[in-house]
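Listed below are the structures to be examined.
One chain, chain A, appears in both complexes that follow, with chain B as partner in the first and chain C in the second.
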Partner chain A sequence: MDNLDTIVFYFLAALALVGAMGILVSRNIVRTAMWLLATLVAAAGLYFLLGAAFVGAIQLIVYAGGTLVLIIFGVMLTAKNPNVSYTPRTAEIVLGVVLCVLLAGALIFVLHGTAWPNNVKSVEEVKRMSQAQRDLVGPNNPDATESTGRRFLGDYLVPFEVLSLVLLAVLIGAAYLGRPKVPVIGAPRGVNPPPGQEGPRK
Partner chain B sequence: MPETVDFIPFVNWPTWLEGLIVMAVVYFAFVSVLAMFFIWWERKVSAHMQSRLGPMRTGLWHGWAQSPADGLKLLGKEDLLPDDADKPLFRLAAYLAFVPAFAALVVLPFSAKFVFVHEMHVSLVFIFGVLSLEIVGVMLAGWASNSKWALYGAIREACQVVSYEIPMGLSLLAPALTVGSLSLAVIGANQGAGLHEWLMFRNPFLFVAFFVFFIASLASCKRAPFDLPECESELVAGFLTEYSGMRWAMFFFAEYTVMYIIGALTAILFLGAWYDPFGIILGMEQAGQSWAAAVAGAGVMVVKGFTIVFVQMWLRWTLPRLRIDQVMYVCVKVFLPASCITLIGSAAWQWLAGGLFQQITQIVLTVLGTAGGLYFVALLARALVKPGQGILPTIITSWHAEPAPAPVAPAAAEEGQANG
Partner chain C sequence: MTPVGLQHYLVLAAVLFSAGLCTMVVKRNAIGILIGAELLLNAANINLLAFSKYSAGTLDGAILALFVIVLAAAEVAIALAIFLNFYSRFASVDVDRGDQMRG
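Showing the complex of A and B:
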């Protein structure tokens, strides 16, 4: 089965790379979104291949099923012409290249500087590892989901809750921005702007 | 985790390539037959609900060959491509809608021993994640068609599915939380002892979660009364307007496959999975007849899945379509709070309830649920035996040729005119 794993890995990696290149090359924003879908699904596939099924499924739900759909939805609602295309300016290209080189450098630096638990080969070494490291090692480890949950609501409770507060703030902000600017007939109390503060009628 | 046997254990094939090909062929055949059967069945159900017979001529028995015949016809049709469409995306959309339905079946268990391809310890999350991709294909179809009807359909689809995913996901977590696993095999294996052990009857919150999940799943696979993306009375055919031939058929294959997946998922999560109501299959398992139990369980599972698909059809042909603002109202103001309460409630119930109180609640809910189910079966039976006295008498009488349509009450008539 090693053979199949290798082939699937290279297929998914190629899909992710081609998708990423497609995002850069294509000018039509919906096509860009489709290339993004290829990259996201390939990343989810890589997670599945590595045995991190939970992360893979969450990747599908959050990024492919959520974020991407919202991108396309936003384009649908706002674009006047279905064949919207986007031409970057020179300054934007230069800035983008600089950022990419920096990011790639940082990633390569981290890649070389980290002691990956997957390098651990012998059973003895696995036995000596902490539970957290074991979760990273074990393919198809059924406890990985549980320990992820415990870590979120245990060790990392404060960052987790702070993040949810940020999301709540975003939600309230969106609801505020989405309020009707002109009075709506039959709207519940408090939705309509107070008299004298209505925006211009469209 | 229980030991499972894959339907197609492709490790045993000489090379993985052969295994892959055989798997794909068997799998595709299964999905096609399932979808074609459901399409024929839906036509029969709709016909009988409207006092018609439906397809009768193709094939010898009740027009059973209508779906294959339609399939052949669609294969032979010209593959139309609008001039102004975004052609690569237009072609891609049909596959993007179909593949998720295909992929979700991979981890769907049929009984304690049978899983289609591979059992996974987070199969519940996997199915939910893969199904949430189906919408991308539909939106892309609407966008790439470059037609306003298709675009309206796609926008409705996006706004409806994205919203309903939340109550659906939350209400699906309630049974997972009660059992303490995200694996469908484990969730199913916990409900064997009899009707009162079915997750739906475990506590009042799960009882509510069942209905929230069922209705939200109707919306997320865009079945009536939530079929706004297609909405043939307003949008020609919604996102399907520009499609024809085999591409059009692929959207329908996806829809009917997803209907079965949703049905099976509802059965596993709430309705006792592959166990019968009397604990017979569990008894077989405990007596060591695990193969017999697995086969019987697969039969029970299919019966339950098909029953839920039948209920989906029944609803489609009896309920009028909702308006988009009603759809959003129901989601945001009713189902979202309800699903949050069911999730928190079942968590609290796990923690607090137990002993005699738990047993009494289970019995009460079981009696309540069974009585309700039997009432609906009785209604259906009456509608079938005596057309015109069924669930929605006026609709059925108006299709029934013999008696004159019931006179409309003056108040109702005025109201109808006022609504235009």
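Showing the complex of A and C:
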């Protein structure tokens, strides 16, 4: 079982890294989006492996299913001009790669020199807990998804409700920013600005 | 093979984070930069869940990861709306052309 976990981890880690490198080197923005799909799916697999099945499912539904489709729509709406090239300058590439190799090296160096505390409760300890105590525990919790729901409507209620307000603000803001700037031919009443109030046409 | 532990996940997330930062530095296409930011957020999420499982032992990592996922979706929606405005102004999403925006 441990051996299988190890194999699955290395497979998913390799998939995530290949996807990340693909994002980094790919020149075509549609291919970049497809490599992002590989990384997102690998990350979802890692969440399942880490025992967070609910987060993995949400990652697949919201990220791979929603956010990525939004990005691909953005690609399609902004890639109509064939005369534009997005090739970066060589100096920028060298500077960026050197910076990020240094960052990765520094992070890995620090990670290997740090002893992290281990406060994980075993399966037996979790079994002996009361329901309220068990809701706080992530790993070895047999009904972690149920506990997640109870925490969201318990001590995380205020952030949860603020998040719903943020989503409403984003909905209105995105619709406002994305409104048509030039009159739409054949649009129903109310979509186009009234005559005399159109903005300057570029 | 040594069993997979916290270090493995942290190293993976560190490399993903660096790759995402490099993408943000190197790309000139605004949507490429957005994809790099998604990579950063995913690396952070992997860290949150790895610490939740191997170090803290609490559910807070998973809850914070869910918040991150929702906020990433909101960020993409707003960023794409801004890029569409940028595109209708400059006929490209090359961020280097943003220096023509004054005031």
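Keep in mind that, in the parts below, the second predicted complex is superposed on the first by the 120 of 202 C-alpha atoms of A that agree within 3 Å, B and C clash if a C-alpha of one lies under 4 Å from a C-alpha of the other, contacts with A are read in each partner's own complex, and residues count from 1 in each chain.
The rule we apply is simple: a residue touches a chain if its C-beta (ideal position, glycine included) is under 8 Å from a C-beta of that chain, and two chains touch if they have at least 3 such contacts.
A quick note: this is a predicted structure, and the numbers were derived from the prediction, not measured.
S.K.: After the superposition on A, what does A:Ala64 contact: first (chain B), second (chain C), both or neither?
M.R.: Only chain B; A:Ala64 stays clear of chain C.
S.K.: Under the stated touch criterion, which partner chain does A:Leu177 make contact with: chain B (first), chain C (second), both, or neither?
M.R.: Touch partner of A:Leu177: chain C, not chain B.
S.K.: Name the contact category of A:Thr39: first (chain B only), second (chain C only), both, or neither.
M.R.: Touch partner of A:Thr39: chain C, not chain B.
S.K.: For A:Cys100, using the defined touch cut-off, is the partner it touches chain B, chain C, both, or neither? Pick first, second, both or neither.
M.R.: In the superposition, A:Cys100 touches chain C alone.
S.K.: On the A-aligned overlay, A:Phe54 touches which partner chain: chain B = first, chain C = second, or both, or neither?
M.R.: A:Phe54 sits against chain B and chain C alike.
S.K.: In the overlaid three-chain picture, which partner chain does A:Arg31 touch, first (chain B) or second (chain C), both, or neither?
M.R.: first
S.K.: Examine A:Leu15 and indicate which partner it touches, taking first as chain B and second as chain C; both and neither are also allowed.
M.R.: neither
S.K.: Going by the contact rule stated at the top, is it chain B or chain C that touches a larger number of residues on chain A?
M.R.: After superposition, C is the partner touching more of chain A.
S.K.: Kindly classify A:Val166 by the partners it touches after superposition: chain B alone (first), chain C alone (second), both, or neither?
M.R.: In the superposed model, A:Val166 contacts chain C only, not chain B.
S.K.: Of the residues on chain A, which ones does chain B touch that chain C also touches?
M.R.: Comparing the two interfaces on chain A, one with chain B and one with chain C, the shared residues are 3, 54, 58-59, 66, 70, 73, 75, 77.
S.K.: Contact residues on chain A for chain C in the complex?
M.R.: Those residues of chain A that touch chain C are 2-3, 5-6, 9, 13, 16-17, 20-21, 23-24, 29, 32-33, 36, 39-40, 43, 46-47, 50-52, 54-55, 58-59, 62-63, 66-67, 70-71, 73-75, 77-78, 81, 84, 86-88, 92-93, 95-97, 99-101, 103-104, 107-108, 111-112, 116-121, 135-139, 141, 144, 147-148, 151-152, 156, 159, 163, 166-167, 170-171, 173-174, 177-178, 181, 202.
S.K.: Can you name the residues of chain A that touch chain B in the complex?
M.R.: Contact set of chain A toward chain B: 1, 3-4, 28, 30-31, 34, 37, 41, 44, 53-54, 56-61, 64-66, 68-70, 72-73, 75-77, 82-83, 140, 142, 145.
S.K.: Could you list, by residue number, the parts of chain C that touch chain A in their complex?
M.R.: On the chain C side, the touching residues are 1-4, 6-12, 14-23, 25-32, 34-36, 38-39, 42, 45-46, 49-63, 65-67, 69-74, 76-78, 80-85, 87-89, 91-94.
S.K.: Which residues of chain B touch chain A once you look at their complex with the stated criterion?
M.R.: Spelled out, the residues of chain B in touch with chain A are 1, 11, 16, 86, 88-89, 92, 96, 120-122, 125-126, 128-130, 132-133, 135-136, 139-140, 142-144, 146, 151, 154-155, 158-159, 161-162, 165, 169, 182-183.
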